[in-house]
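I have a structure here, written as structure tokens, and I will follow up with some questions on it.
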Amino acid sequence: MDGLRLLTPEFVLGTLAFLILLADLWIPAKHGKVLFHLALLSTAVGLGMLGLSFSAPAFYQGVGSLWVVDPLSLFFKVLILAATMLSLFLAVDAKRPDDEHLGSFGALMLLSAVGMMLLVSSVDLLLIFLSLELISIPSFILTGFERGDRKSSEGAIKYFLFGAFSTAVTVFGISLFYGATGGTHLLKPLTHYVDAPAPLFLLACLMMLVGFAFKVSMAPFHFWVPDAYEGAPTPVTAFLSVAPKVAGLAMLLRVFTRLIPHASLDLTALFVFLAVLTMTIGNLTALWQTNIKRLLAYSSIAQAGYMLIGFVTADTLGREGVLLYALAYLFMNMGAFAVAVAVGNEEGYELQAYDGLAQRSFGLSMLMTFFLLSLSGIPPMAGFLGKFYLFAAALKGHFYILAFAAVLNSVISVYYYMRVAYHMFFRPARTQAPAKTGLYLYSSLAIAAAGVFAVGLYPEPLLAVIRSSAAMIP
Amino acid sequence: MGILSLTIFLPLAGALILLFIPKEKTAALRAVGVAATALAFLVSLIALFLFDPSQPGNELTMRLTEDLAWIPSFNIRYFLGVDGLSFPILLLTTLLSLLAAVYSMNIQVRVKEFYFWYLLLETGMLGVFCALDLFLFYFFWEVTLVPMYFLIGIWGGPKKEYAAIKFFLFTLFGSVFMLLAMLALYFASAPHTFDMMALAKAHASFSREFQIIVFLGFYLGFAVKIPAFPFHTWLPLAHVEAPTGVSVILAGVLLKMGVYGILRVCYTILPAGFEWFLPFFVIIALINIVYGALCAMAQTDMKRMVAYSSINHMGYAMLGIAAVSSTGFAGAALQMITHGLITGALFLLVGVIYDRAHTRDINAFGGLAAKLPVYAGLMSLTCFASLGLPGLAGFISEFLCFLGAFPAWKIYTSIAVIGILVTAAFFLRMLQKVFMGPINEKWAGMSDMDARELFAVVPLAALTVLFGVWPKLLLDMMNPTLSLMARFFPDMFQGLR
Amino acid sequence: MTLFENVHWIALLPLIASFVILFLGRDDSDKSLLPYVGITAMGVCLIHSLLILKGFLFGGFKPYYRTLPWFSFGDFEMSLGVLIDGTASFMLVVVTLVSFLVQVYSLAYMHGDPRFKRYYAYLSFFSASMLGLVITSNLFVFFACWELVGVSSYLLIGFWFEKDGPAYASKKAFITTKLGDLGFYLGLMVLFACAGTLDLNMLAARAQMGPEYLPQQTAALAGILFLVGAAGKSAQVPLFIWLPDAMEGPTPVSALIHAATMVAAGVYLVARTYFLYAASPLAMDAVAWTGLATAVLAAGMAVVAYDIKRVLAFSTVSQLGYMMLALGAGGYTAGLFHLTTHAFFKALLFLAAGSVIHAVHTNDMRQMGALSKQMPSTFITMTIAALAISGFPFFAGWYSKEAILHAVWLRSPLMWTIGVLTAALTSFYMFRLIFLTFLGSSRDAHCCEHAHESPAVMTGPLWLLAVLSVSSGWLLEHNGLFASVVHFGAEAAAHHSEGGLHAAPAWLPWAALAAFVSGLAAAWRLYAREDLSLAAGIKERLTPLFAMLENRYGFDRFFLMLVSASDRLASALAWFDDQVLDALFIDGWAVITRAVSELQGLFDDLFVDGAVDGVGIVTRNAGWGLSRLVRGQVQEYMLYAALAVSLFATFLMTR
Amino acid sequence: MMEAAFYSLTAITLLSALGVVLARNTLHAALLLGLCLAGVGGLFATLGADFLFGGQILIYVGGIAVLMTFVVMLAGRASELHLRQVNDQWLAALLICGVTFMGMQKIIDSFSNTRAPATTTATTAGVGRILLDEFAVPFEIISVILVAALVGAVVFSRPRAKRDRS
Amino acid sequence: MTLSHYLAVSTALFLIGLFGALTRRNILGILMGIELMFNAANINLAAFNRFLHPSGFVGSAVAVFIIAVAAAEIVVGLALVVAIYRAQGTLYTEDIHLLKG
């Protein structure tokens, strides 16, 4: 039970989420927006707490019983809360059918975020499992939140079924893991199992992996992604595309590169294959998409594939690469979704909605272009630096096939990213009215754009942070 | 802020200013766009006075250098500098940018965006030729892609979207391999660095096999840009579909990035890889020359013909490089400049007639020489320059390329001269069909060139003549660097000497 | 020695004049006074050249050589320079004189042309290039000027570009000579690769130092390559095809370019690089045989031509072959002597022909006849020229042809025999031309009745040239004047020119005279009468021969075939580029994605559908690649996941 | 005794499980699910995990299976007798299951000599202690998860919105 | 009784559940299949606890958590099912196909 203090931010945030749930009962629907502000405030408080953790490492960082709080987890927690905050920004200005249950919306998002924060700190399979559930269940609900929308329900049920299915497999894996090691804790010496893995242990790891892979949308466990992303309300899509993915990656980094190194299980080749498969499937399938959310969904799969490079190489450079890429990804993907929200409010999410956007909202389409270019890894945007880092890690670790596949994939990806630009710039506009945006949307766009360019143009201060954040306690 | 930075970022500043001008004020937008390019040109002219072409010592001395730490984590530096190889191209870039910007004042739609992308493009191009850090080089290299995509895709011809994405994908395809190669170099060097100068000094520490692989990575990037057979297929379409001003930049400057890269990176840093590849390289050069010329001969679209002739002309430059001698290098470097001037002018002139007739079909004209004497004169001059008429710039550079290559590659060079004949054939055929014979009455009302067009073309024509009779101006700037480069590896490339 | 120090102005003055004419003044009509700028410049050059020649002939001038750097590249330097020796001084006079006369003549001939001014600009530009070629000391500059000569001839041949004929002819001339130029170009490279310089003086010095400095193979190769270049410019076999077509240009242009100057450039090139040929018997033989073949084949074609200018054109080709033959046979002096005299009488022939054409507005000799009364000056001067070219004793051509035949006899009696035969043919076709044009009956009244003598500005040059055609041979041969100035090396001159006279049998000159007389007689018999049926009868009997001659031995057809073959090749390559290569890249990854989707379809059919319903493979797999994998069925997603897990597990457990 | 209990419970569990996945009538499936879960509870009992047995009966059989049955009955039309309750991919699924089982055989066989130690402890107290001590935080989390699930149930079972966007 | 017996049962149950999840056309059927898979894991946990690690209670404790999570999932799942049924009148997976590609 020691080290509870390490989880202070999570406790605070969880409590705040409950308070918001309560407030939802009191505040009438027409003032529902207040609840969003409360949720935003909560994330701000959470970020503040994390700041505290940074500033007082002796007290707020360390090893707990089932969890550790180290620079790596803190970095990802900040990332998760930032993603939550930006998603809430989008939610404020996104069109909604009505203003009911907005408290639940915010609270669920916060709870999900708490789950992710726990996940990145977990060093126990039980805690990992429960964190995953704490992420998933609010996510299912958020996905189906627009109950008037059949697509929303459909996305939710598919997401749910696939999620439950992979949870079941994971649970079976955990049970086997327990059988092999006699516990669920990952911090105790596992060298015996790791150095000469028995079939039981291997199978356990493999089956557990299904749930983790599901979370980071690693192929071939990615099929739910496009459906859930398309069905979900767009702010939720933005949230889902960033936060759980980076949290899952952080967990993978901790568990499968440090605690049970995949190299010692001889799983590296498998992960190389999966990484290549993930980015390739994501990119190739994205080529045919005509819906921006679906396109971004496949793109997010591909992006996960790139991030897996750092996971595969499992060295410091790779880990730093994942950190940097995750940060860049936060900015660029959030930015892209912010534009999607702005356009989608009136025009929907088919690519035709973007026809001639450059003539209607020049700034918006420029920003979208920059975000997409960043996603495809063109300098001077942040995505380029992230890719640069990851490719460097791949080459340094002699994963040539991986590097090769990754660069080819980034070429392919340009095709569909630029197809959005094609719609925005090359097609004639159908209306002349500029896309509707709001203050919050503008702020999120500004934050995203600033992030994308700052990381891309002068990354040095950030790299220092990342180098220190790449440290893990165990 | 050094003068190179100033040159590079002046256009960018212009682009940013453009963003704050309402899009209805087209006159102001055009003025800012042209002014930014003009300023960049002026600054580069000032740099001409500061530039010292001499090369004391046995290692390349870069001039006007600027060196700042940028991303120390990767030992990446903001390292700029020019030598006799890059500086002339830098001047060419600023000049062509200015002229094409002036010519593009006839763009009527979405002026703001046009000049925004255009200026961004110029910044990227200038950066490529100044960068001495591989990372920075790649950075600028990629920066050129996006504006070009939009410039072709928005203001281009009927198949503009296809051409734009094709250009983008092809070039990116090449350049990502360059990225990998660059990273491989980084990790192979000790201490890890992207500094081209340091890497060149360390070339002996890279094994031959490593150099070959890394070379291929870089080559892929450069070959697409040159464009070297068989990676050239993006070029005809992109050139044809791009608006005139952009075609000028595309042919005049962007293709040079490839040749420049071969000399700057492949040759100096990876001599063993280059040596290994040389037999293939010279064959590719030969194919470029003969195949490019023959393909050009089959075209009836003037712009397409000029585009294919670019493939042919870049083949000469490659042939010059393949010589690995001071003569060949001088030829290649000069060819880059002269091709930029001549082909730039050719594209402008094709644009002039397209603006009037809305067709570029060679067979659609006839007898225009009587109607448009000035145009016919300039066009003939430029065509003759392109086919290598003495007294015009193309002749000297072409001759030097051949002269350099001949001792090393006798058979190939002898076959390559066929390219000269074919080039002459298609240019003359074009002149005959467009300007000679009975006048096509359809174009009886056509007017001769106006001031804007003359402003864009005449400087190019004048420089073509100037460098044709006085190549010393350029060669003296280039020679010290190129001679030094040719002497870099005394114990390699033995088969050629 | 200011004559020499300013010798470069001989080339630069016409150049400046050309630009002055082109860019000054808006009036492009014949009222413009700017052409006089060109004429004046050429006059100055003529005087300058004459002074230099005088210096060489009587003042004991030594060859003059001066260079200054032009540009440097790599470790080498290219120089601009002048090299004036006896050969060059003669060439200078020939070029400036003919050019001057042609310019004067054109004042009348081109009167009324809408682009009168531009014509003079071109003429001056041509002269400048040609003179540059003559004086330069550097083969690279030589080549540059050579090309400029080519382009100015392109402009002049195509001067009346509104007509398809000139437009086509100018292109043909340019391309054909360019084909030869490739040889020249490669020759330069061969020499440079060996010697590291293209300076004539240095190269010659190197050649004299012996074969280790200029290996025989190199000399042979370079020599033959230069011969190819010369064959293009001087219209030698097989590249002569452009010259007859080039007659589409204005006649004064033909006189200037295709009689006296440009076509002589090839001969001049061989002369200037004679040290190569001296070093290589093989190259020498190549020159001789090329010349001989050209001489006889062209003479044959001249016999059957009816276009007055084409007859002259073929005649020119034939005479150029003669010069080549002389050079190839070692008759350096003889060849250049013929070059000089030929320039005068051939220019005269062309200008006279121009005078005729100017009068009757046709080129076809079948429409002419009996013009001698209307155009006495033209008739007399042209007859003089014909006598000169045919080798009438003591006329200019007689001396030079004698010298050539001497040289050739020493080389090979067989060559000599063919040479004499050619001389007979020459005499025949020249008088055929004279008789058809000026004697007999007026065959086309429409053309001939308005014919009248040309103005003095045209006949003046004719008479001047006529005087030269008669006298120049004797003047120059007298006391070995020409040979004293124009010779290749000291020994060579002695051996071939003076020494040769003693070795040849005495009856040799009489054979040439017999050839002249027989040719003249045959022409008289066939053409100097009103009734041409005899000639027609012969033609009928020898139809295949005539057809072959009229088809120019099929050379034209061969080159046309070459052109169309390369066109077809170009089209094929362009198609390949557009349809195959491009598609390969663009569709390459489309193919890959399709393959992936096929695999997926296979999987579907085996497992997912196989049991129950076989939805057609075709409809399912047509098109969308991987996105077909996601058909919105959540259980399919699970199936893939489960399959993956079980595959991975099997993989792990079994390894 | 133990063996008889084990085999009979196994038979109940697996047979009813097969019934769950193969039954044409969903209502039957739901009822069989209850039986199957009870069988699993029995297996827990044979393992001496009495706390688990209690939990299984209370939560699974008493809660989940009953809830499931309610929903099946609620969605009456959907659970009507249907021609086929199994979809097109049964062959593939069967193959996967078969292959996986054969793969698992190796692991299962490796424990063929592992017998239970003689001593058993009353697990309820032990489990309770561990839940409140070592796994206190997870215990908190599970409560949060359950609340979230309840919120979800509330959100989804709200009355339908006025306009249907599809 | 050996551990093998229990493992065999749990594996069989897991695979039966898997088969159900993969093949039932009805969402409820899929849910039931998934429940079976959860239960298989629980049998494993209890059996391992009893046979291999009798000194601790971690296995049983984890099983308790799994039961609770399963309950939570079922709650959400059934709520969703009800919502979908109300909206679309069907629970057959092939009828739910708005989202694809």
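Chains: A, B, C, D and E, in written order; residue numbering restarts at 1 for each.
The working rule: contacts are C-beta pairs under 8 Å (C-beta built on N, C-alpha and C of every residue); 3 or more make two chains touch, one makes a residue touch a chain.
Just so you know, these numbers come straight off a predicted model, no measurement behind them.
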Using direct touches as single steps, what is the fewest number of steps from chain C over to chain E?
1
With chain D set aside and all else fixed, contact clusters read one piece
Count the smallest number of chain-to-chain hops linking chain A with chain B, moving only between touching chains.
1
By count of C-beta pairs in contact, the leading pair of chains:
D-E
What's the chain with its C-alpha centre farthest out from chain C?
D
Whole-angstrom distance, CA centroid of chain B to CA centroid of chain C, is 35
Taking the mean of the C-alpha atoms as each chain's centre, how many Å separate chain C from chain D?
99
Calculate how many whole Å lie between the centre of chain A and the centre of chain E, each centre taken as the average of the chain's C-alpha atoms.
26
Quick one: report the Å distance separating chain A from chain D, using the average Cα coordinate of each chain.
31
Two or more other chains in contact with one residue: find those residues in chain D.
87, 89-90, 92-93, 96, 100, 104, 106-107, 135, 138, 142, 145, 148-149, 152, 155-156, 160, 164, 166
Which chain A residues sit where two or more other chains touch them?
126, 130, 133, 137, 140-141, 144, 147, 150-151, 157-158, 161, 165, 169, 199, 203, 226-227, 288-289
Quick one: label the inter-chain contact graph as line, ring, star, complete or other.
other
Can you list every touching chain pair?
A-B, A-C, A-D, A-E, B-C, C-D, C-E, D-E
Spell out the residues on chain E that touch chain D in their complex, using ranges where they run on.
1-9, 11-13, 15-20, 22-26, 28-29, 31-33, 35-36, 39, 42-43, 46-47, 49-52, 54, 56-58, 60-61, 63-65, 67-76, 78-83, 85-87, 89-94, 98
Quick check on the complex: what are the chain A residues that touch chain C?
157-158, 161-162, 165-166, 169, 199, 202-203, 206-207, 210, 214, 220-221, 223-224, 226-227, 266-267, 270, 281, 284-285, 287-289, 412
Chain C residues within the chain A interface of the complex
589, 593, 596, 624-627, 629-630, 632, 634, 636-638, 640-641, 643-645, 648-649, 651-653, 655
Contact set on chain B toward chain A in their complex:
23, 69-74, 110, 112-113, 135, 138-139, 142-143, 145-146, 149-150, 153-154, 160-161, 164-165, 168-169, 172-173, 176-177, 179-180, 183-184, 186-187
In their shared complex, at which residues does chain A touch chain B?
358-359, 362, 369, 373, 378-380, 384, 388, 391-392, 395-396, 403-404, 407-408, 410-411, 414-415, 418-419, 421-422, 425-426, 458-460, 463-464, 467
